[in-house]
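For clarity, chains are labelled A, B, C and D in written order, and residue numbers in each chain start from 1.
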Amino acid sequence: MIKVGIVGGTGYTGVELLRLLAAHPEVEIQAITSRSEKGLPVADMYPNLRGHLDLAFSEPDMSVLTNCDVVFFATPNGIAMTMARELVDAGVKVIDLAADFRIKDINEWSKWYGMEHACPDLVEKAVYGLPEVNRAEIKQAQLIANPGCYPTAVQLGLLPLIENGLIETDNLIADAKSGVSGAGRGAAVATLQAESSESFKAYGVAGHRHLPEIKQGLTIANKADVGLTFVPHLVPMIRGIHATCYARLKDKNVATRLQSLYEKHYANEIFVDVMPAGSFPETRSVKGANYCRIAIHVPQEGDTVVILSVIDNLVKGAAGQAVQNMNIMFGLNENAGLTAIALVP
Amino acid sequence: MIKVGIVGGTGYTGVELLRLLAAHPEVEIQAITSRSEKGLPVADMYPNLRGHLDLAFSEPDMSVLTNCDVVFFATPNGIAMTMARELVDAGVKVIDLAADFRIKDINEWSKWYGMEHACPDLVEKAVYGLPEVNRAEIKQAQLIANPGCYPTAVQLGLLPLIENGLIETDNLIADAKSGVSGAGRGAAVATLQAESSESFKAYGVAGHRHLPEIKQGLTIANKADVGLTFVPHLVPMIRGIHATCYARLKDKNVATRLQSLYEKHYANEIFVDVMPAGSFPETRSVKGANYCRIAIHVPQEGDTVVILSVIDNLVKGAAGQAVQNMNIMFGLNENAGLTAIALVP
Amino acid sequence: MIKVGIVGGTGYTGVELLRLLAAHPEVEIQAITSRSEKGLPVADMYPNLRGHLDLAFSEPDMSVLTNCDVVFFATPNGIAMTMARELVDAGVKVIDLAADFRIKDINEWSKWYGMEHACPDLVEKAVYGLPEVNRAEIKQAQLIANPGCYPTAVQLGLLPLIENGLIETDNLIADAKSGVSGAGRGAAVATLQAESSESFKAYGVAGHRHLPEIKQGLTIANKADVGLTFVPHLVPMIRGIHATCYARLKDKNVATRLQSLYEKHYANEIFVDVMPAGSFPETRSVKGANYCRIAIHVPQEGDTVVILSVIDNLVKGAAGQAVQNMNIMFGLNENAGLTAIALVP
Amino acid sequence: MIKVGIVGGTGYTGVELLRLLAAHPEVEIQAITSRSEKGLPVADMYPNLRGHLDLAFSEPDMSVLTNCDVVFFATPNGIAMTMARELVDAGVKVIDLAADFRIKDINEWSKWYGMEHACPDLVEKAVYGLPEVNRAEIKQAQLIANPGCYPTAVQLGLLPLIENGLIETDNLIADAKSGVSGAGRGAAVATLQAESSESFKAYGVAGHRHLPEIKQGLTIANKADVGLTFVPHLVPMIRGIHATCYARLKDKNVATRLQSLYEKHYANEIFVDVMPAGSFPETRSVKGANYCRIAIHVPQEGDTVVILSVIDNLVKGAAGQAVQNMNIMFGLNENAGLTAIALVP
């Protein structure tokens, strides 16, 4: 059994980790920390865990955490970077679900996250945990930067086009939509049900923190800079991300080959589902499950390709992908603990 | 492996059965029938099943069904009774998720369901599949009448009071609320999102078909007639039933003992969770899971006891309970295939 | 034009007052106060008011408020009682949408609201602003205690039965359900969309502050104490209250006369709609409108009468009723500014 | 008083017309037709109209309709074109809320709508009822083609850029999102609450009927063909459209002038609200109201302009705009009957 610690377990990515790990056949949860909720049984905060998890929140304790095989950080940005070194030095594997290790350019990171980085050298060592891109490196990694939710949906959608050099990359558009759980479990007026339900809006158009992360991933694949306009929107539902990505084909004759190109690209990926031509993936088809479902459209025989990509922001966009990374790091079946079928209806 | 057939798999109880059975460790689904969708891969209708179930809807075929170990009916009322005898005669176990075998009084059944019964003798043999009441009989049964959703929530809530003779039984009140999936997957104006979301209403006050079913169960426990007012309501959410039950205590001094009485009553039941005193069970705490969570209140030091009881109408209120019954009938662990944790948030 | 001041306009009852008063033909809004948002144009917080209201939040200023004809308090409990005397002494009419003046028994009030009352003598003078009960007194009043949302729905539903002495009053049950706007616009985890949508739960069973208010109203009508069990629930929708009230008829033969009794009782009330026999009022049928719609049922030819009563908690349950009270106090048409049709779908 | 007839009043655009016209100070509704619901009081189908409209559905009767001053068609596509000539010949003004007269190119219309056109000559005479573009023609018109919902939001968003020649027009993108009321009130599985709520998806990517309508409007403004990719999505809410439009600026230095350009462009339009720079219009800010609210963004100092445009699909996107057109045609105040403030929360 793999001994697991979770730092910061009261938010939505934390409880989702608990839901997945409590049912994981190879895992033993050793500790789940929360300064503010110290002593509170986890199942008192999350009654869905009653009968499944007999553990209370505890204060972060390095002597406990360093005895784990792996520690997940489900903390706000800026926490993992202050604790990671001690864990790494103790030989513990670390998976950060926040953004501390996602951006390789430290100055860029500081600009977007508004703080100094505590350990730039660890950023260098960290592996960006998108298994469909970096599986080999993940297998060897000791420190994983688990991707953001929007970046997962957008990159999985666009990478086959970019890697194959099929599109103009100076003017990509990612029009992305997220359910409200993406805003987290903090008390806030904007995501009160009376505010956010029965409405739809864009936000962060001037610059969302996931923009540099997406550009970094696309640039690596493109081996050159990319131009990207990224507009996130808030959808009145709890879970799910839908990315609608637009790009211009260099050669519109390639349109008829895209379906098979995507199918081949992801043929060996258990968690990426290229849907039949003409499909419209619904976010509910991945609700609670670790899939990314993708459909490819080239409307009106034109040269604009439209990629539709859906994930559950809390699963493939956060906790599920983190567990997938853990499975890879420990040589388990990649879908261990991740076999749940999406909850429909 | 248990060979399973499902008759009528296109509705919500059908797809929920598929979700549970596709992941059940001891089950092999042999056939899923639908006349109207014959030939359609199940995963084309329910993309959440893509990669989990490689089966198409087929026409009901007795030669296939009689080769199963157990056949589930997820059909409208009145279908199972026309097919059950042949299956029963062939030694196949039958679990009907509709109402054909729930009411022992055939005249009463005919009055509420508006048709002649095709096989009154099988009604007599059928066991009402509420494991917390009839586990021993279920173990021996060949034909199970799987309880309705409201009846499950209300009976599990009220039975401990009635069996212990603690309440006046001439004037029970069950104010019950259900999510819209309870109305089924048929095209209908009343449950269009633009109609039923952002609104709340009662319905069926004059007489809902679950009324005689609940009264039958309570009467057996009471060993005498009970008076019951049952008012169902439609809640603008997909899944979940919340029953708020009101009864008068014969002796208000018993109030302080009710919590421990319920805890003892359900101590050995893995799927009934008596919550701590003062709790308010939320329907989401059982979303997608086979639990019934119950809380007991006696407000204002009065003599009115208020029982709060929640289930997922599609799981403990339908498909999950059906699988639980199957597990009992075949001597499996009662929670085989039913270990999923409710999806929160 | 009536000069109006609003104290505390940033919450939901405040903005609802603004929506109604900005369109009221006889009103001029002089000031809307908020310490925390001083200087902020109201339409910046509530863009729906852009083009309709050119006013900024200001600090409460008695010199401005005492120049108003009427001042509404849309403040938390405990504020109006500290400011009312100065206004009343200055001859300004006061309508308090909070609970400061609702409960005549000062000790009872203090018990439920957890504070000393600042002006018990004003409580005595205050008129409980339920126009269907106290219209004549409201006309003469200088200080109105605007009823709570649940109390409005429950009292309008039960009063005709009680005033006519038709029911046992020792064991009334009000099972009430409210949309999430009833919880207010304060940042809170429990009413985040990711928490409260797609779920249903009871709360406050041990004792909700609206319980003594409802009991007070019913007791006056009954000319004797009443026994009441009141269970509020949270519905995953924004607006609306549905009260399902249960009572036992003294004589079940009266059942057939109840429909016409209610119709006569409310024949002259423009804002109470007794629906046809057999109806199920939906909360959306009053969304944004000042109506209470009521239906009467006596199921299964028994002796339990079931009253269904719906209002919009922010309109007839708060701001709309406050405007109705203002209209009565100033001799305007009772529906001035209140003619909007509910928004369906 | 203007005598109004409505043909086909049972759908959402029909009931929205009724809501607006029943409260319109200059209108008298003469008839509302529905073959299927003949004889049913309108308020029985839509209880929100109880007390506001004392009229029953009637069979379409030309003798009644030709006595109206104006007839609205809230019918499925293909009906208005079979009845319009007789009305027009009788001197009755006609406003079609369906698509029969929107597309000037008859062959194009037939291709998208799959039927022969019954009166191509009337298409020629019809005026496209977007007041912000065609006010003068609307004033003189006898036959109005009321714009589609998506086309209203997208055109109002993009026209200032196109008319001023500021953007490349070969590759426009309109990523549009609509609430479920846009799918109409017909019984359908896809928009059952249990299907469409808590999910998000694109649809009609290959070609939606609003595509040629939008292209026609943009082409006229552009005085040359435009390239447009239009992707509609279904949002889990009842009302509202949010269009996110992307275009490349010919000269990125123009970016800083766009805000004032839009403000001037719409300075005299009461129903178009150009929001302050940096705003994110929410669909709820126009819920139930006839506004289009627009915000202009040029993110990351690039050359891609992002226009956010929101309307209520049933008001400015259908019935409200139809009433606005009527007001213009009859020389009334353009906002007569359209002064309602959006319902928030």
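Note that contacts are C-beta pairs under 8 Å (C-beta built on N, C-alpha and C of every residue); 3 or more make two chains touch, one makes a residue touch a chain.
Quick caveat, the model's predicted, so the values are computed rather than measured.
The pairing of subunit B with subunit C is characterised as same-residue: of all residue numbers used at this interface, over half are used by both copies. The chain pair with more C-beta contacts between its two chains, of C-D and A-D, is A-D.
Each chain gets one centre point, the mean of its Cα atoms, and the points for subunit A and subunit C are 45 Å apart. Subunit A and subunit D have CA centres that are 39 Å apart. With centres defined as mean CA coordinates, subunit D is found 37 Å away from subunit C.
Multi-chain contact residues of subunit A, defined as those touching 2 or more other chains: 12, 179, 181, 185, 194-195, 197-198, 236, 238-239, 281-282, 284, 287, 345.
By the touch criterion stated above, subunit A contacts subunit D in their complex at residues 171, 173, 175, 177, 179, 194-195, 197-203, 205-207, 211, 227, 229-231, 233, 235-240, 242, 244, 246, 248, 278, 280-284, 287, 297, 299-300, 302, 304, 306, 308, 310, 345. The touching residues of subunit A, counted against subunit B in their complex, run 12, 15, 19, 22-23, 46-52, 181, 185, 198, 238-239, 270, 273, 275, 279, 281-282, 284-289, 291, 293, 314, 339-345.
Residues 12, 179-181, 183, 185-189, 191-198, 236, 238 of subunit B touch subunit D in their complex.
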